[in-house]
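See structure below.
Naming follows writing order (A, B, C and D), and every chain is counted from residue 1.
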Amino acid sequence: MKKLINDPRAVVNESVEGFGQAHADLVTVVPDPLYITRRDAPVKGKVGLVSGGGSGHEPLHAGFVGFGMLDAAVPGPVFTSPTPDAILPATMAVDGGAGVVQIVKNYTGDVLNFETAAELAQAEGVEVRTILVNDDVAVQDSLYTAGRRGVAGTVLVEKIAGAAAERGDDLDTVTAIGNRVNSNVRSMGVALSACIVPHAGQPSFDLEENEIEIGIGIHGEPGRHRIPMENADGITDRLLDPVLEDLGIASGEEVLLFVNGMGGTPQSELYIVYRRAAQVLAERGISVARSLVGNYITALEMQGCSITVLRLDSELKELWDAPVQTAAMRWGR
Amino acid sequence: MGLDTAWAVAFLHAAALSMAEHRDELIALDRAIGDSDHGENMDRGFEAVVAKLGDTPPESPAAALKLTAMVLMSKVGGAAGPLYGTAFLRAATALGETADVGPDVLVSALQAALDGVVARGKAEAGDKTMVDAWIPAVAAARDAATAGEPAAAVLAAAASAAAAGAAATEPMLARKGRASYLGERSVGHRDPGAQSSALLLLAAAQAASQQDSHAGSPESPR
Amino acid sequence: MKKLINDPRAVVNESVEGFGQAHADLVTVVPDPLYITRRDAPVKGKVGLVSGGGSGHEPLHAGFVGFGMLDAAVPGPVFTSPTPDAILPATMAVDGGAGVVQIVKNYTGDVLNFETAAELAQAEGVEVRTILVNDDVAVQDSLYTAGRRGVAGTVLVEKIAGAAAERGDDLDTVTAIGNRVNSNVRSMGVALSACIVPHAGQPSFDLEENEIEIGIGIHGEPGRHRIPMENADGITDRLLDPVLEDLGIASGEEVLLFVNGMGGTPQSELYIVYRRAAQVLAERGISVARSLVGNYITALEMQGCSITVLRLDSELKELWDAPVQTAAMRWGR
Amino acid sequence: MGLDTAWAVAFLHAAALSMAEHRDELIALDRAIGDSDHGENMDRGFEAVVAKLGDTPPESPAAALKLTAMVLMSKVGGAAGPLYGTAFLRAATALGETADVGPDVLVSALQAALDGVVARGKAEAGDKTMVDAWIPAVAAARDAATAGEPAAAVLAAAASAAAAGAAATEPMLARKGRASYLGERSVGHRDPGAQSSALLLLAAAQAASQQDSHAGSPESPR
């Protein structure tokens, strides 16, 4: 294992410390228990947005803390949900009196830890709502399973719910808009290589030189199935088709197309995937009204990507376009 | 002679040792059907439990378990943190004020732990989770207590049933937790949380059997 | 070799096509010969900025085309300088009547090809100036060699010269400011792994499991020397020390600290490096007034990073802070 | 009998074949001390030259070389593109209008090519570049011409001297081009551009010797 780290157990703390120094104009880092808030938190009268989860998905979530997006991020150890004792003070710190929305990716650990923190915060008088993100079509959704995972759609939920909060929407409205994004977004991913979790020291799964994993998540878990390597267009079709089908999107609709890198794939390759995805959407009469391409939610240095499609309406478009000023996403100011 | 505070402390020390020793094994199990962190999470958690025990020695078995619950909830994270946290918390509540845990109270505490895990995680028997270690463990404990066995033997019965339960998760198809994302591919691997549960119950049983062997001798610490 | 590509020879064209589609609001892609201009080029009365070079360094240069930075980018094949027949029309296309500045990384191929294009453009009546970037302290600068390479400092030259052009500076002033940035910036890089050039199909060099290359460039070339793997703090010191020494920076001065990822390194690790670099600078009494952390100039999926330090003055700071709106760097609008 | 347009066309076809055949070898040489692209660059360039020759058949040896120069300049890129482009352009100019290239004109064309490379790249003998293939090649060509050899033999002499020159770059320390960044580590590897230069001159010599052998026979295409 070759990594630019010191002690594997210090990875998250040291990284977040550096992050806080590099972006001191945007964020404040509270070291113990560890969480990150926007510099001007709490914003009086604004609904606060808190997200978090295991580390290793950078820039998610800390990179999205700032004006127009998250008020706080709570990073756990690598691929391990943070604990209530960090989520709680983060929640309290960003309550501007209008309540707090938690954006939680649907993993058992995240759900349980955020749930506990929410209860504790409510007990301290803060109104808390939860948006559960579960956009991964690789996983069958069923009452008898842990349900679909939250993956790249999370970034879009955070941006759009963040814009709603920033324009002054109340707690229920922000929650409803976040849930609307979640209902209209689907993703699917592929891995060309595994990643190495620092404390584990070996690849999260073993792939042969000519194999790829279809339907991977963002934690180095193996995917749904393994196939021989294909070209970019073929892989793109394999990811995009189930996304479009699950979303039931029709000719004439407008979408946001998001090609996300898993951390170790060159940007040039993401654009090759984007090109094919845009081609397929055009052929189906679906109009790509907004785009996002890059490493926004990663699995350490995993090679691969995911494709996310969000069905847009005019309000979601407006909220997407609204100004945002964070370390990893910025426009309009 | 039931189980006392010294037993609880000895159990937690043994648990920490066991988690450190089996850290890589639990990581390997989690690597196959999860995200490679279970061993690290449990090791980090019980290391913190031992540190906390040193800072603030507990005054009753329940206090020891409650302290453990709080530390695990704030140090483990992931799915295992809240689940084990709840299990220890509920067990502590079931023990109440008693300084001397007899077989029946012990069984209620184990049952409470299991109920806590199920309440939080909603897993059923056969879902390939730690619940599949706890269900047979509680049943075996109850049988032993009913048969009039002392607390140490009750724990020993629970531990060996949990070990069998953990092994029995191998052919199961996961329906809860991270392994469920794998669908059919989860079959053929042992559930890491079931394995850590068996290890924890084994540590509890070993601490009890040591207490027993000391109990007879005059230089016993209590 | 596992890559999200179709035909290795189509990599650049397909990738740039996708890039153009994803960022149609910012850029126009001309397919043959291939170059990218900002959407509103030529901007009348503004000095035009053209850069380019081999592909594989994305987001450089196309990701920096737009308001406040480059007017055109000319991507060559992977790691191979583009040719005058593409550089020339790009140059002509962005001449708003105030002349054009070429920003050229100091490699023999880039220098020769841009030189020819400049001559041809001058022959067609466009005033052309050249800023040669050569910030890599890993390479000894000497009259008797090809000189130092241009690496991550290029990004800073493009941002700051771009801001100067955008505020209306004339050809000589923009050139002088770009040259001032180049004189005050130094970089050094490390590779933890090699990259795989698509048409070559195998790693650009072989590293053992516990070896790293110190002093690498951005083309998968081997570096100056190879050492056993070290921790992040140790590696950071090895990169930063020669940079600071060569720059002759003194206590009390202000700098921009730039930690650049080579493409395959997680962002979390870049911040661990940033943390240490900031620590060392603080110890030496050097003030970090501005920061940049991320994948800005890469070598495909290489794992590693470079550290760049730019000595700031108040004008450079102001130009750095000026609005920029490109695919890969955006603030202030 | 000197070299004619058919020779030039045959040379360029042979060059393209040779570049395709040695593509991976040149990539491997460039991988060791450069950026793994020289073989791909040369192959792409000469593939385009051949395509262009098909579209617009040249009417003189100079026209063939000029066409090559233009194509290489716009298709090869990197350092090799402008350097070879200049070499072919200067050689074309030196040939002038002649349809029949004799030994002396040939030598001036080779010299002009070398001068062009040096003018653009500023490399000297011993810098470990293509110049180290061209300098001995031109010298050997001149010697052969002075000794009264025909054009084909002059090219053969140039080609074999270039091959020796390319081999002689192995112990050199690079002072120009990308290999110079390696410092001491460039020692022990052959320069890819010197190698491609030797291959190109060999293709030219082979085309000439084939023309010679055809020239005697009645069914010669000319």
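Keep this in mind: contacts are C-beta pairs under 8 Å (C-beta built on N, C-alpha and C of every residue); 3 or more make two chains touch, one makes a residue touch a chain.
Note that the structure is predicted; figures quoted are calculated from it, not measured.
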item	value
Chain B-chain C separation of Cα centroids, rounded to whole Å	55
Chain centre separation (chain A, chain B; CA means) in Å	33
Approximate Å spacing (C-alpha centroids) for the pair chain A, chain C	29
Separation of chain B from chain D, taking each centre as the mean of its C-alpha atoms, in whole Å	77
Chain contact graph, described as a line, ring, star, complete graph or other shape	line
Chains that touch, pairwise	A-B, A-C, C-D
Contact set on chain A toward chain C in their complex	2-6, 11-12, 14-19, 21-23, 55-56, 58-59, 63, 192-193, 209-210, 212, 229, 231-233, 235, 257, 263-276, 278, 288, 291, 293, 295, 298, 300-301, 303-305, 325, 330-333
Residues of chain D touching chain C in the complex	27, 31, 33-37, 40-41, 44, 73-83, 120-121, 175-178, 180-183, 185
In the complex with chain B, residue positions of chain A that touch it	9, 33, 54, 76-85, 107-109, 112-113, 115-116, 138-140, 144-146, 149, 197, 199-200, 202, 204-205, 217, 219-222, 224-225
